[in-house]
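Chain nomenclature is as follows: A, B, C, D, E, F, G and H, assigned in order of appearance, with residue numbering initiated at 1 for each chain independently.
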Amino acid sequence: MKKVAVLMGSESDLNCLQEGLKLLSDFKVAFHLEVVSAHRTPERLFEFSKTASAQGCQLILAAAGGSAHLPGMVAALTELPVIGIPVESKKLKGLDSLLSIVQMPKGVPVATVAIENSFNAALLAVQILALQDKKLHRKLRSFRKRQTASVKKMNQAVRAFSRAKKK
Amino acid sequence: MKKVAVLMGSESDLNCLQEGLKLLSDFKVAFHLEVVSAHRTPERLFEFSKTASAQGCQLILAAAGGSAHLPGMVAALTELPVIGIPVESKKLKGLDSLLSIVQMPKGVPVATVAIENSFNAALLAVQILALQDKKLHRKLRSFRKRQTASVKKMNQAVRAFSRAKKK
Amino acid sequence: MKKVAVLMGSESDLNCLQEGLKLLSDFKVAFHLEVVSAHRTPERLFEFSKTASAQGCQLILAAAGGSAHLPGMVAALTELPVIGIPVESKKLKGLDSLLSIVQMPKGVPVATVAIENSFNAALLAVQILALQDKKLHRKLRSFRKRQTASVKKMNQAVRAFSRAKKK
Amino acid sequence: MKKVAVLMGSESDLNCLQEGLKLLSDFKVAFHLEVVSAHRTPERLFEFSKTASAQGCQLILAAAGGSAHLPGMVAALTELPVIGIPVESKKLKGLDSLLSIVQMPKGVPVATVAIENSFNAALLAVQILALQDKKLHRKLRSFRKRQTASVKKMNQAVRAFSRAKKK
Amino acid sequence: MKKVAVLMGSESDLNCLQEGLKLLSDFKVAFHLEVVSAHRTPERLFEFSKTASAQGCQLILAAAGGSAHLPGMVAALTELPVIGIPVESKKLKGLDSLLSIVQMPKGVPVATVAIENSFNAALLAVQILALQDKKLHRKLRSFRKRQTASVKKMNQAVRAFSRAKKK
Amino acid sequence: MKKVAVLMGSESDLNCLQEGLKLLSDFKVAFHLEVVSAHRTPERLFEFSKTASAQGCQLILAAAGGSAHLPGMVAALTELPVIGIPVESKKLKGLDSLLSIVQMPKGVPVATVAIENSFNAALLAVQILALQDKKLHRKLRSFRKRQTASVKKMNQAVRAFSRAKKK
Amino acid sequence: MKKVAVLMGSESDLNCLQEGLKLLSDFKVAFHLEVVSAHRTPERLFEFSKTASAQGCQLILAAAGGSAHLPGMVAALTELPVIGIPVESKKLKGLDSLLSIVQMPKGVPVATVAIENSFNAALLAVQILALQDKKLHRKLRSFRKRQTASVKKMNQAVRAFSRAKKK
Amino acid sequence: MKKVAVLMGSESDLNCLQEGLKLLSDFKVAFHLEVVSAHRTPERLFEFSKTASAQGCQLILAAAGGSAHLPGMVAALTELPVIGIPVESKKLKGLDSLLSIVQMPKGVPVATVAIENSFNAALLAVQILALQDKKLHRKLRSFRKRQTASVKKMNQAVRAFSRAKKK
């Protein structure tokens, strides 16, 4: 298996994962992508989680919405770090998803990121992998520099806006 | 196994279950009581849930707090009806527990009762069992009558309070 | 009357009930469907609830939004199990409906499902009826297997998506 | 019956009603006080609400907590104005009680006051009755003046506090 | 002045008031309609509130959103009953408006109705006025009957829907 | 009048104001302290707010809880900057107070600080006054330095704790 | 630098700032406008905040959404008053932004205005600057008068609406 | 510096960190412990965060309450993974702390754990370090086994409770 596995509770969560998957690709971090439903495929959840480490996986990202049990149950079945991504629920805007993922009991943590922020989940994965991978760390550093630089471009746009207003 | 199983995520949930267990005893509904932690004993969760029906269990009550995955995961692993009891969490007063238990996705329902209301969970179990058990149904009917009558006693106390005030 | 009654507080709740009604039909569980408003037709609420059991009804599903008193008031007037479906309210997204339905006092439970999830309410009804109906239980088991299998199809789609991305 | 009826869902709500009852007594508004539980005594709820107007009652105050169906159900069964008092619930601090009482559907209003504020419910009753009762209106006006004056006393205490600090 | 005054914090609240104004018209209750902003026209707020009673006004409806001080400030300046209508705010969906209107301190009540439910505010006004107006009371009773009857029509639609499904 | 006025909606808010009043004293900013209730003394609210500026007042701090209309109404009646302090309400923990104070409509701002944080309200007042008062600005700078230094002391305590643990 | 600086966490916050910038222009208050991201450009955040006062800046407005650290971090690095504008977040409607900005600890206040209300942030800035600028104060007074007058126009529209309805 | 740094926003957060520090000690993971206040010592925050990686630090745990900017600002200033621990705030029970820490914008993630759950933050740190440390991984595995076994002991207590009840 790849070093990073990306799980989602339903095919419909794929949309929210796009930005994170792109970031992993940009960093050339290969990943295994799979729908594993805690509620509809609990056997697969068990099998996957129990064997992930032995198959070379180092990190698991899991996205889920509503009662959102997937990240926590994966975390209960592996010693690997699990990063949880709360998917927006239709009615409660992801507050239910967030609380269900982050409020884990003592002994089984899930590293939770912002609602629908798969980009940050992927970046957190890169930061963790970079602890043992100097090349990845260099890429990370350069990514952060580009990110800082992107604000300069914003300021060019903002200054243009200001000038236009004043005329 | 008994017809009703009562699971809790942690020994500390026992306190919240007392009223429900007493009601089951009052109705002479024998029950199996066990700590099954979705996060610390996921194997036992699987084993219990997959075999409960074959062993004669008809209904499962499950109490959990915080991220509260127990009721939903049991429900994912059995076709038996599962009644979920949200246990009050220290910080968020059980709102997290409630949302995590009730907001289950299509295909795996949990019959959720009020926060910490194990009494009602047990009573709901009795109502369901009474559908096939005339003796239990008679007891249920008589319980409801006593419950209605209990309000009369309250009114005696209230009238005494009123009279005392007026003097 | 049919074994299952499905009540709604207003004609406008019919939309939210569609998935649940379809599931009941798929399981060939006949149902009685009626608008009973706790606030606009309290007499009918009383009459219906008090006679439902004698007429052969075993389970009542009730959908309501906002202050959402219907499920709890039906439950107060019958010993039958009542399953409550919180309908999304326009302003508070169904959080008011959920709290009003689930936070019932000791002595009168409502088995509450997720906001607008009539599918799960109907499935819970099937699970309860299947306790006394082997044929229904077999259908339930086969439904759950199909549900598990549906995730496989999702994974085919996801793999196709992955391959497309890599090209 | 008296012009004002004060209902509560449970004997335990009596505590929260004390200030309101005292205010009614201070204004010499006689009242009928009764525990009427929407869930445990629905027949009494019906009987009371359907006959209140004919018996001379003009206003109904109803206090309830949690799912708090009492005020709304009384309002559904009478044309009299109903004032609802949300009682604090143990877990959700009365937010559930407030939403359940205030979010009534079109056609059946409940005049809702602040959580546990029976004083204001009683005062609102006095304001409504004073529309047809000049004597009561004079008392109301004088009550408001005393209330304004009470702030002067507060300011004496505050000035004493200021002086003490400065020494 | 008319017996009922309907105030709004801003012209934009007029939309939310439409249903209530129509109900008042249907009941032939004449009303005075005015924009009075607690924050932009505090002098007018004072002048209006202090003179309303002397000019023959008996009831004041006030709609406001966000910090929504209008109903409470009117209530502070008159002994007349004030009915508050929380207008939906863009960001917080009217929860801020609701809490600001309903959570009044001891001594100055506002009779609060559901978010944006001007219909119920107007109906509550009619219920209060009907205490002294037999003709209005008869209309109210007939309105309630029509309301109950409207559910019958809903059930005809629902039955038609059921039959169509079965074909 | 003093340059700064500190208003509170009720004598009971004095406790929450203590830290802020002490900070003003420490900075030798004299202040006028008064209970002005928006709901019980609206005339005084008007009189105070309309004359504050003419009497030499430059800034107004106002603390209130629950519906908390005081800061917003003062702001409606003066052009002076108004700083609002949400006081914790018994039931909703000050969330109602916060929303009511901060969610002011366009045209009448209230500078809102954290719930019960009168210290920060006073410090904000000092920061504003220091814009025109060099002596005050120097004191402010030295206050900030001491504040930074206080964290050093915390670290001495923390290191002592660490060492004690390791033994 | 100008007397007022307006910062935003991202170019996308510019939209929410439009009304505030227009108000500053209307009052002829020149401003410095810049994207400064607490998270992407922390060095610029430091540099800007540490030098703002020395460069003649008197007031800083800062808009940010989600975790919204910008206003609080600027406030930590300058003694100038900082006005915080919570920008609506996509999922939680700005409640997260509001709490993150307003709930500052003792010692570092942020003057917080309503969610997305840059108009009020700008107006608060004008109110503070007007304390030392008589010309600005006259403009402010005249702005408030026009604001009050604008409600009269609303009432003309409302009366036209009323008359149209009655025909 | 040690491989793990544990920061807190204030000395008062030390209490909430106890369980996490004990877990790190139990796993023999040395740690650097320091109070770094984002608001009171922003320079130290910068210095620490910018140099942590060069000094051999691999992971940073940061606890903060209320507006809780510490974890996010550290994350903005280092490429190391940052684990955030929301500390309970007095008024809003840590909901503000949680949202402020978890809702980070794209580009700067904070791995958030449950409110006050420093135990899980430390365990997550151990899980991440164990990816490169086989000895630590063995300890982790054995910790998880003991954790699973601890539930057995709970069940002995529960069975004893059951037996005692039945007598």
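One rule holds for everything that comes next: contacts are C-beta pairs under 8 Å (C-beta built on N, C-alpha and C of every residue); 3 or more make two chains touch, one makes a residue touch a chain.
Quantities reported herein were computed from a predicted structural model and do not represent experimental measurements.
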Repeated interface matching D-F, over half of the contact pairs identical, chosen among D-E, C-E or A-B: C-E
Chain centre separation (subunit A, subunit H; CA means) in Å: 19
Where subunit D and subunit H are represented by their mean Cα positions, the distance between them in whole Å: 48
Where subunit A and subunit G are represented by their mean Cα positions, the distance between them in whole Å: 34
Interface hub residues of subunit B, defined as touching at least two other chains: 10, 37, 40, 66-67, 92-93, 95, 102-105, 107-108, 114-115, 147
Which chain pairs touch, all of them: A-B, A-C, A-G, A-H, B-C, B-D, B-H, C-D, C-E, D-E, D-F, E-F, E-G, F-G, F-H, G-H
Residue numbers on subunit A that touch subunit H, as the complex places them: 19, 58-59, 79-81, 83, 98, 102-115, 117, 119-121, 123-124, 127-128, 130-132, 137, 140-141, 144, 147
Of subunit A, residues touching subunit C in the complex: 8, 10-11, 14, 21, 25, 33-37, 40-41, 43-44, 66-67, 90-93
Touching residues (chain side subunit A, partner subunit B) in the complex: 9-10, 37-40, 42, 46, 65-69, 72-73, 75-77, 89, 92, 95-96, 99-105, 107-108
Sites on subunit E touched by subunit C in the complex: 88, 93-95, 114-116, 147-148, 150-151, 154-155, 157-159, 161-162, 165
